[in-house]
């Protein structure tokens, strides 16, 4: 058996990082050698997340120590905090998948939606980690930016229409784990249960990823909604194409695009988030209604929308089978 | 004190009818004199719905007996079953609010979306019971058709734009009580929890109500989604107008339209279904994103989307204060 | 019509106080003249709680101003903070119902379970606000201590057995609103959903109320459990009596005890919390299993377990009908 | 690599059987060769349960065909239906783990709680499949009866106290998947959400398993409660022992009993069902309160309470590592 690649998970106390730690820990070709956390350092990971069974104590991030222990890292910090951590690990030669927004966008877009970039010199080498769009570039990359959960779902619903799409309304329904582990009025059980609500109607930063990936000629309206789920995300996309497509034509585009994709299923009826829970799969469905194409994608925001996709990227970067440790 | 008007609720064992029975029972100017049920006849209503506290036994529908006891009725039967019941009660002179689809549409539309109509002779006298659009006609009506829950929310989000709307995507998020009390694979707790899914993407019958109310020149794409809630409904409407509107212009239209509406609140931020639960209120919010107008409406599908709206209609038909018994 | 009694709600931003404000606002014989909040002062109450529709701005507590505006107050502060506020209002002559633990226990018990008492001189005049046990004393009281939600349910399940009970296991299942509005890791949606867990197994302070009310000869084991509900509380009580009772004997004791109680229903099958949601009712059921008596009580922790019961107490203190404003 | 053992899952359309099919499918040493279903025969399993990814069509049960394809079977039929199926498979030489109640009890107990037994001649060879109690006998068995989910949790909380227990109250909180896949009024989302309720207070059949396993000298009071969860089960056990134990003594008994158990964790604080979701683990906690010992056990009712435990048993019966395919 080949030696397993030593991997660290930076920021393993949050929801995405915790799942990343679990996936690396169980991965047949990876060896989880370190997990870090900012406020929970000192605690064992499996005390905080017993289900995941990661038997390591979380440590404070010390890039030198991590570089001694690991050849690759998943970084699961919030944006802005991620860039310096990524930079420190890249300087020490680690391959990195970053789950934050810091390396998803070109500098101009990033600074328009976020803030001045903390490590602009690295933007050039970063590859947008949607394997279904950039598999070959991910294979050769040292730094991959894991796409946002909303963007992943929307892009998987839209990529097959890339050449014909002119206008799209993206209406997202997302579970609460996407809002992170911090206890806030928004994440209080009493706020979430029996509730559905749009948020960031003034513009959500994930739409910048759509613009970048779909090209400037596409008009995008993007509104996320919070619904009472833990994990799960559904993107409903209402698309105007040119030329107009029949259901069969739209369907054919999807089948062609995803014929060989290991994690995307083109199905015959509308997708349910429950059907992909705790999997790295994305289920997509396309049909038409009047002149519009309707495309739906369901995924688990923590898996295919974050940590699962990050491991998929890592597999590609390390020359491992793309689906290893994810089935 | 004026004498209270005797009212019967036909089909009081379903979710909508049960709430209707409770609202009539507590209404200061109405007297709930009979409740009927098809399969649950013989059972006391407050055994089936203890929270509602209606201390009457449910009886089988006998139009003659109902006509002796009541001057008005709420009919909460499924479509197709409703028309003959309504017909029998109208023949005996009762004023009727029907919660089914049977009298919402003109005959041509109805038969296109449903089936041959069981009482076409009554369609002409029926008024579409959206008070915010047809208050004066409801006042004079003997038969009012309660709008669908989805349609109510969508129309309240769209009516102020009536003169300028050209195209709209209506994306609905609805709770499970809208699917009725019948136990089906769709309503099983395990099917609903941690799930969000589109349904009837091939066309939902409530969109026919939108077409009828908004006029034929409007292109409508309408997709409902089931989310893990009991009561609650959110309509997210993505509108193309001509001319294009600014946020301020859109907002002004809404404030003008709803200035005097007792149950519609134009608010400054996206509405939450939890904020209207167990109330007859609808909260609407309008903004713009790029060239589109975004309009959102949240209501409780059993209240403003069904039984509460029916009582609002009944108040108008009987010359009572419109909000009586609903606050 | 008699003049309405002006009432203030102190601490109206928390879940219990907010419901209290709504109940006073809608009460036909009470006039809600002021609502206060500590951190949310300045905000309108109906912005924070749109469902409740209380159209007042929350103010900082100023006892002199409150005394000008109100003759009675509900105080919904956390324990320890409540005592000084109650003291300030009592000094100014207001009748007070306090929802905290500060006046529920004799000083010795209180200081054993909580901390040194902030206003011990008032303990003597306080009456424990369980109307089903102390109705007459509440009628004459100026200061009433609203029982804990867990204690209310447990006591209503146990009071009819008072003369025969020797030992009881009280196993509580409670919704999250009982933990308060503060966002904490415990109240995060992701922590609560798909979870059930015991807490405070080392001893819960509400058991002190049971000891005080049931008398020292009763051995009490008391364990609360958090389950994924918003509002609702179920007490399952496993009782050893002396002499041993048959089901019929136990049932007879319950029917006698609660024959005239307006808010307690003795039912024929196990109670469901959903059946009392948003009501001031408590549903109780008693049976036997082997040598034990099993007694169950379901209530809404915010209503009969807090604010509803407080208004019931206030009605008694003010000479109003006990059920007014609560049906 | 050793050849994989061919295994069939009988009744794979229900919740327990479906998970069993998934676990066998992914098991490194087992080969899932057939799945059967009664009403869903003809459907692919991964259409019904996409998350589980079992790429087989469900067939009608034909014992001869199953015997050609498989050397062992999991039977996940309801009780009474299971016995004849088990009998047919045993006649053909297959090793069987039965998830129903049919072989858990001696004939006298079974017929007292259920109905006349359909295959009494097999009762003698059946071993009660709680590995923590009967590991050696399971190893040599051809027929193992998977314990009930409630019983598994309760027994794991109680077995270490076996020699000293005199009386116990077992209060169970269980998720809805335990009630099965059938759509009933009880499993309707609207019935389950915001609800907690005791059921079968007149006696639950799983208590017979406790009596059998703990011995006749123990007085057992057993009440299950339904709470709004999908998967998960918590047993809260209130135990009177003789002699009385200190916390330390109780804890020592648990640590000794479970020191080498691969799936039972003795923890330092009350267990949460969320922490074992989708795992085969059981987390137990013991403490004391006054004279009683309090013991809690949390597990996933579909895993350790049904299909996971069945695979654990199958591993033992087939001489495979006990934890294989379950981590």
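In order of appearance the chains are A, B, C and D, and numbering begins at 1 in each one.
Quick note on the criterion: contacts are C-beta pairs under 8 Å (C-beta built on N, C-alpha and C of every residue); 3 or more make two chains touch, one makes a residue touch a chain.
Just so you know, these numbers come straight off a predicted model, no measurement behind them.
Two chain pairs are in question, A-D and B-D; the one with more C-beta pairs in contact is B-D. Centre to centre, using the average C-alpha position, subunit A and subunit D are separated by 36 Å.
Between subunit A and subunit B the centroid-to-centroid distance comes to 40 Å (mean Cα coordinates, whole Å). One inter-chain figure worth recording: subunit B and subunit D are separated by 46 Å, centre to centre, where each centre is the mean of the chain's CA atoms.
Touching of two or more other chains is recorded for residues 191, 193-194, 228, 230, 272, 274, 277 of subunit B. Arrangement of the chains shown, judged by which pairs touch: all-to-all, with no pair of chains left without contact. Residues 169, 171, 173, 175, 191, 193-199, 201-203, 219-223, 225, 227-232, 234, 236, 238, 270-274, 277, 285, 287, 289-292, 294, 296, 298 of subunit B are the ones that touch subunit A when the two sit in their complex.
Contact residues on subunit A toward subunit C in their complex (touch as defined above): 15, 176-177, 181, 183-185, 187-194, 228, 230. Per the touch definition, subunit A reaches subunit D in the complex via residues 50-51, 53, 194, 265, 272, 274-279, 281, 283, 327.
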